[in-house]
Structure formats: C-alpha cells, structure tokens
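Both complexes below contain chain A, partnered by chain B and then by chain C.
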Partner chain A sequence: MPSLGADMEDGTFVEWQVEPGQAVARGQVVCVVETQKGAVEVEIWESGVLAKRIAVPGQKIPVGQVMALIATGGEDWKAIAAAVPAPPPPTAPGDEPQAPSPAPTRETAGATPGAPPVSGRVKVSPAARRRAEELGVDLSAVNASGAHGAISIADVELAAAAKKPRDTQAAMRDAIAAAMSRSKREIPHYYLASEINVEHAVTWLEKRNAVVPIGERVLFVALQLKAVALALRDSPELNGFYRDGAFRPGAGMHLGVAVSLRGGGLVAPALHDVDKSSLAELMAQLKDLLRRARSGQLRSSELSDPTITVTNLGDLGVDTVFGVIYPPQVALIGLGRSALKPWVTNGEIVPARIVQATLSADHRVSDGMRGARFLVELDRLLQQPQSLA
Partner chain B sequence: MSATVRINYREALRQGLREALLRDERVFLMGEDVGRYGGSYAVSKGLLEEFGEERIRDTPLSESAFVGAGIGAALNGMRPIVEVMTVNFSLLALDQIMNNAATLRHMSGGQLNVPVVIRMTTGAGRQLAAQHSHSLEGWYAHIPGLRIVAPATLEDARGMLLTALQDPDPVLIFEHASLLNVEGEIAADPQPVDIDYAVVRRPGADLSLITYGGSLLKTLQAAEKLAEGGVNAEVIDLRSLRPLDDAAIIGSVGKTHRALIVDEGWKSGGLSAEITARIMEQAFYELDAPVCRVCGAEVPVPYAKHLEDAAIPQVETILAAARNLVK
Partner chain C sequence: MNLSRDEVRKALIDSILEVAPEADFTQLRPDRPVRGQLDIDSFDFLTILERLHAKIGVEVPEADYGKMMTLDGSVDYLMRLLAAASSAE
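After this line comes the complex of A and B, so read on.
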C-alpha cells in the first residue's frame, strides 16, 4: 500500500484492474484504493508479471503492507503464487494496546480452553471482525467484553452506535487538519515575498495566445509553474522531503498544484517533471489534472509524488499568500493576483502588472539566503517568457 | 390426535423390539442374557415367552462370536438385532464390526451388504466403574461404512430401531443406561422415526448447545436455567453421530454465533473435537466466541459416586461453561 500523502495511515482496497498472470509495466494503473482524498488509481512501481493478488475489496490496508506479488526477471509467476501465503499484517512496534499477557503455559487436553495468547494482538471474534467491516468500525478503538477478553459482535455494534456519522468531506477535513497541525508543530517556517513585474510575460503570452486556436491557449499560471520549476534547479534545498531528521532532495520537479474542491477541502496533486515539459504540454497536463482532481479520479503517484506545492490564489483577488508547508515537503510557493500597479523603471513611473510571489520554506533545510536567491531567479525567468516556452 | 401412553425409555426400547419382531419374520434378537434373563437391563423381558427361542437367542459370553454370527446371518438375508451388553464389551467384537460389517459392501464391489443392527448400552452414571461406563460411540463414529445413532428420547428409543432395520448397511444404536427409567407420554402406536437428521429440541438465539444421548436431558435443564438469567439457548440433539448433520449444526451456529458441545465422551480425538473442527471449517466467520466443550474428564470413569459425577458433564458444569461463553 503506497503512502498517498504524509497523513495517510491506511487505505481501503476497492478493486483490482489486472489479473494474475498479466504482464504489468511500471506506472500502469493496477488497482483502485479509497483514501480520505477519494478513490485513487494506484500505479505499480515494478514491471513484471502479477503473480498473486493479496488485497481484497473492502480490506483496510496499512501503508507499507503487501497488496500483491509480482514476478520479475523471468521468475515463474505461478510458482510464486503457489509458494507464498499471504503475509500477516505487520504490526508497528509501540502501537499495540497493552493486553495482559500471562506467561505461556502448556495446555493439556482437559485444560480450560483459551489461555490468552502471548502476543499483544487485539483479540476479535471472527464474526465481530466481519461485522466491524460491514459497519466501518475501527476495531482498535472498540472495547472488548466478549469471551476470553475478545471483541464480540455486541461490542462492535455498540461502538458503531456511538460513532458519529462521518462523510468523506469530514474525513478530508480531518486529514487536512492533521497535516497542517503537524506542519505548524514541526516545521520552522520562514517567509519571503517579492513583487515581480510580469507585464512583459503577460504581454508575451497574450500575443502567443492570439495566434493559436482557443484549445491551445495557455493560462498565465502555466507560465508561472514552468518558471517555478526552472528556478528550483538552482535551489534543490526547496524541492524534496524532510524525513527522519534529514533532507532528501526530490527526484524531479514535481509541482503539487493546490486545487480547491467544489465540495470543500483541497488536494495538491503533482504535475510531473514540470521543468522538462513544454508550455503546451504543461497546459494540457494542468487541464487534465484539474478535471480529474475535481471528479475524484487522481492517480496514486500524483498524490504521493509532489516535491513542492504551488498555491495560486490570484484568481480570487488575493495579493499575498502566506503558505503553510505540506509535510514532508519543505517549501510552498504562493502566487497572488496579477494587479495593475504603478511601477518605477528607468526613473519613470509606468503602469505594469505586478504579482506578489511568496516563499514559505523549512528553516531546518534552507536559510533565507537560499530563499531569496530562488525568488530572484523566479523574477529573472519571468522577464524572459520566451525561454519558458 | 391418536392415543398416548405413559412409558419409560426401557419400555420404549422393548416396544420397538417387539414391533420389529412382529413386522418382519427375518428379524431376530440375540445377545448375552437377552432370553431367559430378560436382558441385563430388562429391555427384552417377556420377548422369549412371546416369540420363542428361535427368535430370542441367548448367546455364549463371546462378543466376537455372536456379533460375527449376526453379520453372517445378515449376509444371508436375515435382519438380526445383536445386543451387546455395554460398549466396553463391544471392543471384543471390534474386529467383526470394523473389518467385516463396515467393509464388506466396499470390498465386494457392492455385491454383499450387511443389514445388521447392533444395539449396545453406553455411558456412565450407575456406579459400574471403568469397564462398564465409557462412552465410546465417538470411536465407532470414526468408521466409514457404519451408521451410528443415539436415541435420547422415548420416540427415538422406540422408533430408531424400526428405521435402522430398513437400512441395507450396518447400524449401531447406542442407548444410554441413565435414560432407562426416564418416563414420558408418547403415541401408543409404535412408528419408525428418521435416523438422518439432528433435531432442535429447544429453539434459542443466544448460543447453540450441541449434544446427544445421555447428555440431552442435562443440557435441556441447563438451557432452562439459562433462560431464567435471560440467556436463550438453542439445544441441538444430534441423534445421528455418523453421518453428522452438518447443516443443522452450522445452521444453528450461524444463528447464535456461539457453540458449546456437551459430550460424555473424552475430548481428545473425540466426537466433540470433530464437531468443533467442522464448525471451524464451515462457520469460522460466524463465530463470536471460541467453540467450547463440556466433556468427560480424561480419566477412566471412576466407581465412587462423587468422583463419577465429577467425571461427566452435569447441569452445573454445562451452565457454567454456557455462562462463560455468553458473558
């Protein structure tokens, strides 16, 4: 189960889209998983032959648990499927409840049944486990009152009755709350802002758009995204992840584009390798991404890959974005509206369209000097729009 | 509604025997002391006088010989009823039962069949000590080729024999000695009963008490006491121990999600273990608690009254186990 966001602990398996014995290629969509962000198409990381499907629909699977086995490098998939039983779910140390664990005893045939097992595993009757799945009850929070200290059907039904009805929007709100709380709790943000004169860039884009069919017109935000991606080439400390006390640079310029959803909440799926895409390609990708984000059809890599987030609230009239970093990313670029303002150039006051670009960055990874250089580079690139095409 | 009579289990067995002898002239009874003595438990009392020595035959004290003779008679077209005094003694005839009665249809490719009925007394509770008191029907239920039944009610005590005699293959009937004096009202007219299915003796929703034979009455009493505490137990009388009525067992567990098996036999490798395994195989996801068993203690059945009582299931032990299961 891939992590489709830093706050994700598990996903509910929805369906397989490949059959055992079928060849799969890296990047291919193989299944669908329901997360707090909606249904996500999961892409496979390894090429090979699908040997055994382990995940079953409705199953709640912790991040990192095996969902399927793949035969690679000419391995016999049938042999793998036959040889390997489904692995037991891993239990993270430290999160098991402290169940009373008497010393193991040898049971004689006539002994009372059910001396509690020594492991700290939560005991749930098979019927209660099934009932919990039906009712969507999280067993880790259910009080056990059944025989031998196990969770019974009655316990599950009691917990279900007590549970507040929660919809997916509430779940998303919870996810955002968890991620943003963690961000403000853990990340020492620093903030920089620059006014960037985009008059030349916007004019250049307007001229370009005037001579192409409507379908090929490019929005200014695409130009800005391209500029951000190229500017990041000189500032790798802003592009990547802070995990386990260390910074790891991102594998590419995968810009998470913050998208507000109609029903509330937001997602920030990735546009991959923005620095390598032409402006036309980028625009097509952006349109596709926005459409799928709003219809809840994002892919797993789009949710797990962003190396930095870009928030553009200019359309809503906002001047300045003071962004909160989405952990474990280490920076967020905010773009305000493009506003016509008086601008002094060569000793003259001229009207020009100005954008407030802001940077929120993780001070554990980079310093203000680096952030400043990034904003200067962003400004420089936006003065040469033709270089962004 | 036809007329009823008030009789006990012993008389019900006798009525069944008499009816069988009247219905089919190929039927005869043989065994130790079944004739002149009237049966060691007085089940066949009066039958010698009514049917004569040809059909009520006393045998030497040689289980292997007379069970073998019964199998031979069955192979040759008769419908013998062989009485073995207790299941403990039947071990002397185990070779005949296992290697001949149970196998001949199979080994002859269906050319020979053995329509013998072997009745024997089983169970503890009468202070007859370890050589007369065991419940070994679970052993016989292990053997393909045999049909094993255990009448726990007056109707079954009288009617199962009539049905067993219609079976083309060997049928063993286990009669629990502690039931012999149990009285009740039943229809005056002896009729065959089915020997294929388990019966729900008491419907309930909270747990399934699965039992048979000599433990049925104790289990029903425990169920009544459970009801006083608001626990509604279902009581299943297995009746047929081979084949087991899986549908009845699994159906009940599917409804109650809890199973307690009451069996006077030992746990290890016993009938209760087999039933437990079938519930695991077929109804694991229905279970809301581990399957539980109240069985005979794993000792030779003691002679002393208090020790014998302690060695076999009692209403109190069934009650305690059931309460633990539904708490």
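After this line comes the complex of A and C, so read on.
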C-alpha cells in the first residue's frame, strides 16, 4: 500500500484491474484504493508479471503492507503464487468481492426474514436487502417508500447516496486537519509577498484566446503555473521535501495544484514537469487533472509526487493568500485575484491589473533572500508572457 | 439556428448542471451573479461555455464574460449573440 500523502495511514482496497499472469509495467494502473482523498487509481512502481493478488475488496490495508506479489527478472510467476499460503484474514481468498464488515448473511426469506438486524419490523424485499448489504446500508435507517411501507431498492440506494458524501467529507476534513496541524507544529514558516503587474501578460493571453477555438482557450492560471515552474529553476530550495531532518530536492517541477471540491474539502494533485510543457499542453493537462480531481479519479503518482503547492484563490475574489505548507513539501505559492489598480510606470499613473503573489517557505531549508529571489524571478517571467508559451 | 428564449435558457442550465450537478435552480436568485452562488470558478466557467458551444453553437468571446453574470442577463446576452450570428449569415 503506497503512501499517498504525508498523513495517510491506511487505505481501503476497492478492486483489481489486472489478472494474475498479466505483465505489468511501472506506472500502469493496477488497482483502485479508497483513501481520505477519495478513490485513487494506484500505479505500480515496478515492472514484471503479477503473480498473486493478496488484497481483497473491502480490506483496510496499512501503508507499507503487501497488496500483491510481482515476478520480476524472469521469475516464474506461477511458482511464486504457489509458494505463498492463502492470504490472511479478514476474508477468505478468492476473486469474489467480499465486504469484511459485519453485514448479515444473505437472506433468502421473503417478507418475513428470520432475524432482521434491526429493531422493530422492517419490510424489505430480498433484492433490496441484498443491495443494502452490498452498499453497507443500515436498513433501520432507511425511509421506506414502497407499498405497505416496504423498503425498495431505490430507498436503499438513496440512503447510500445520502450517507456517502458525509463520510468522505468527514474523512477528508480529518486528512486536511492532520496535515495542516503537522505543518503548523513542525514547519517554521516565513512569508513574503509581491505585487506583480500582470497587465501585459493578461492582455497577451486575451489576444491569443481571441483567435483560437473555445476549446483551446488558456486560463491565466495556466500561464502563472508555467511561470512558477520556470522561476523555481533558480530556487531549487523551494522545490522538494524535508524528510528525516534534511532537504531532498524534487526530481522535477511537479506543481501540486490546490483544487477545492464541490461540497467541501480540497486536494492538491500534481501537474508533472510543468517547466517542460508548452502552454497548450499545460492547459490540456490542467483540464484533465481538474476534471478527474472533481470526479474522484486521481492517480497515485499525482497525490504522492507534488514537489511544491500552488494555491490560486483569485477566482474567489481574494487578494492575498497566506499559505500553509503541505508537509513534507517546503514551500507554497499563493496567487490572488488580478485586480485593476493604479500603477506607476515611468512617472505616470496608469490603470493595470495587479496580482498579489505570496510565498510561504520552510525556514529550515531556505531564507528570505532565496524566497525574494524567487518572487522577483516570477515577476520578471510574467513580464515576458511570450517566453512562457 | 432559431432558438427560443426558453430553449437557450434550458441549454445554459443543462450546461451548468453538467459542471455543478448539485446546483438548485429553485434556490438561485436570477438577478444575482451565478458564479458566486454556485461556486463556479474560471475553469468551471470555461467548461460551461464549451458545453454551451456544443449544444447551441455559440462561442462567447472572453471579452464578453462580464455580460454573463446573472442567469437572466446571460440569456439576454446569448439571444443577442444568436441574433447577430443569424443576421450575419
């Protein structure tokens, strides 16, 4: 079970997407795991042949525990699979999904079930009872709408739908609380802010967007992300992780893009190698990432790879972001709204769109001087939007 | 394409619902900005315009985003845009 964030302790296994005997390549999605950040497609980190699937659906698995065995370097996958005893509890081995929850066994009786797991009399069809077991719904809490006060399948599904968002939201709130508490406890933040005149950059982008089809329009945030990634080249101390008492530089400019979710909560999945993507590529990747983040279809590498986080609250009308670093990262870039303000250029007061860019950084790794250099470089790059294309 | 005001309104609402499925239009104040009421950010807004383009064939220029603040105002604007497009043909 991979760690998909600093404070993840376990994940609940959902399903396999590969069969024993199947060749798997590093980076391939092999299974789905439910985490506090929603369902995540787990990419395998080693190539080989899948020998044995150990994790079963519904199983809660601590980070670091074995989920599957892989034959590598020409090993015989069948021999590996045969050498391993049956997987441990909580469930028996097999390919059939089995919920480990203490759900009642399948009832075959009709309107008068032998021992309904509820107090009082609940009328429920066998099919609806089965569905309730599958979805983990407590029948005593379901509102009946069927004939003679019986619970229908639709009632069960409605109850399941009503139950889920609250649980996942609470879990996500816990995850955010844990990560942010750790950040405020362990990371000595320092904060810097710069007002950046983005009039030229925004105008340049508006001109570009006016002559392309609507599907190829680029949002200003994509241009800002590109500028952040390029500015980081000169400030490697802001891009990476603080682990075991030492700074480890990130392997690339993988910007975690803070995405607020409908109904509450947020995730900050990675856009990979932002400095190497063209603006059009970046926008396409951003669209894909935002879409999947909001529909709960992120990949494991996107949750574990961000080397720095960018929070853009400009859409909400916020001027300045005072960011809390997401551990084990060492910096966060905050971007506010672009607001029309008076600006002095060559002794003249002119209207210009201005963005407040802020940096929250880890004082164990860098100092204000370095942070300042980053913001100055970010400003310089945003004055040359064509160089960001 | 000759669309009625109701058809344009429905296309807009359908496009919004595809992005914000939980949106409750019975609770929406039609004379207040839509984006704030439904938590629609710039990415969502662009997606809505793309969906709208697929449905009724209008491309809202970026320079006109300010004309699409309220639901009623957006429908007014889209009707004008469609009329201008059909008279140009």
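The criterion applied here is as follows: the second predicted complex is superposed on the first by the 306 of 389 C-alpha atoms of A that agree within 3 Å, B and C clash if a C-alpha of one lies under 4 Å from a C-alpha of the other, contacts with A are read in each partner's own complex, and residues count from 1 in each chain.
By definition in this document, a residue touches a chain if its C-beta (ideal position, glycine included) is under 8 Å from a C-beta of that chain, and two chains touch if they have at least 3 such contacts.
In this text the structure is predicted, and so the values were computed from the model without any measurement.
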* Touching partner for A:Arg130 - first (chain B), second (chain C), both, neither -> first
* To do: Please work out whether A:Lys287 is in contact with chain B alone, chain C alone, both, or neither, and reply first, second, both or neither.
  => second
* Determine, under the contact definition given at the top, whether A:Gly73 touches first (chain B), second (chain C), both, or neither. => neither
* To do: Go through the superposed model and pick first if A:Arg262 touches only chain B, second if only chain C, both, or neither.
  => second
* To do: For A:Ile214, decide between first (touching chain B), second (touching chain C), both and neither.
  => second
* Asked: Just chain B (first), just chain C (second), both, or neither: which does A:Ala150 touch?
  -> first
* To do: Determine, under the contact definition given at the top, whether A:Pro342 touches first (chain B), second (chain C), both, or neither.
  => neither
* **chain B/chain C common contact set on chain A** => none
* Would you pull the chain B residues touching chain A in the complex into a rising list? => 257-258, 266-268, 284-290, 292-293, 297-298, 324-327
* **Interface residues, chain A side, partner chain C - complex** => 206, 209-210, 213-215, 217, 219-221, 260, 262-263, 286-287, 290, 315-316
* Asked: Mind pulling up the chain A residues that touch chain B in the complex?
  -> 109-110, 113-114, 125-130, 145-148, 150, 152-154
* Asked: Once bound in the complex, which stretches of chain C touch chain A?
  -> 20, 22, 39, 41-43, 46-47, 49-50, 53, 59-63
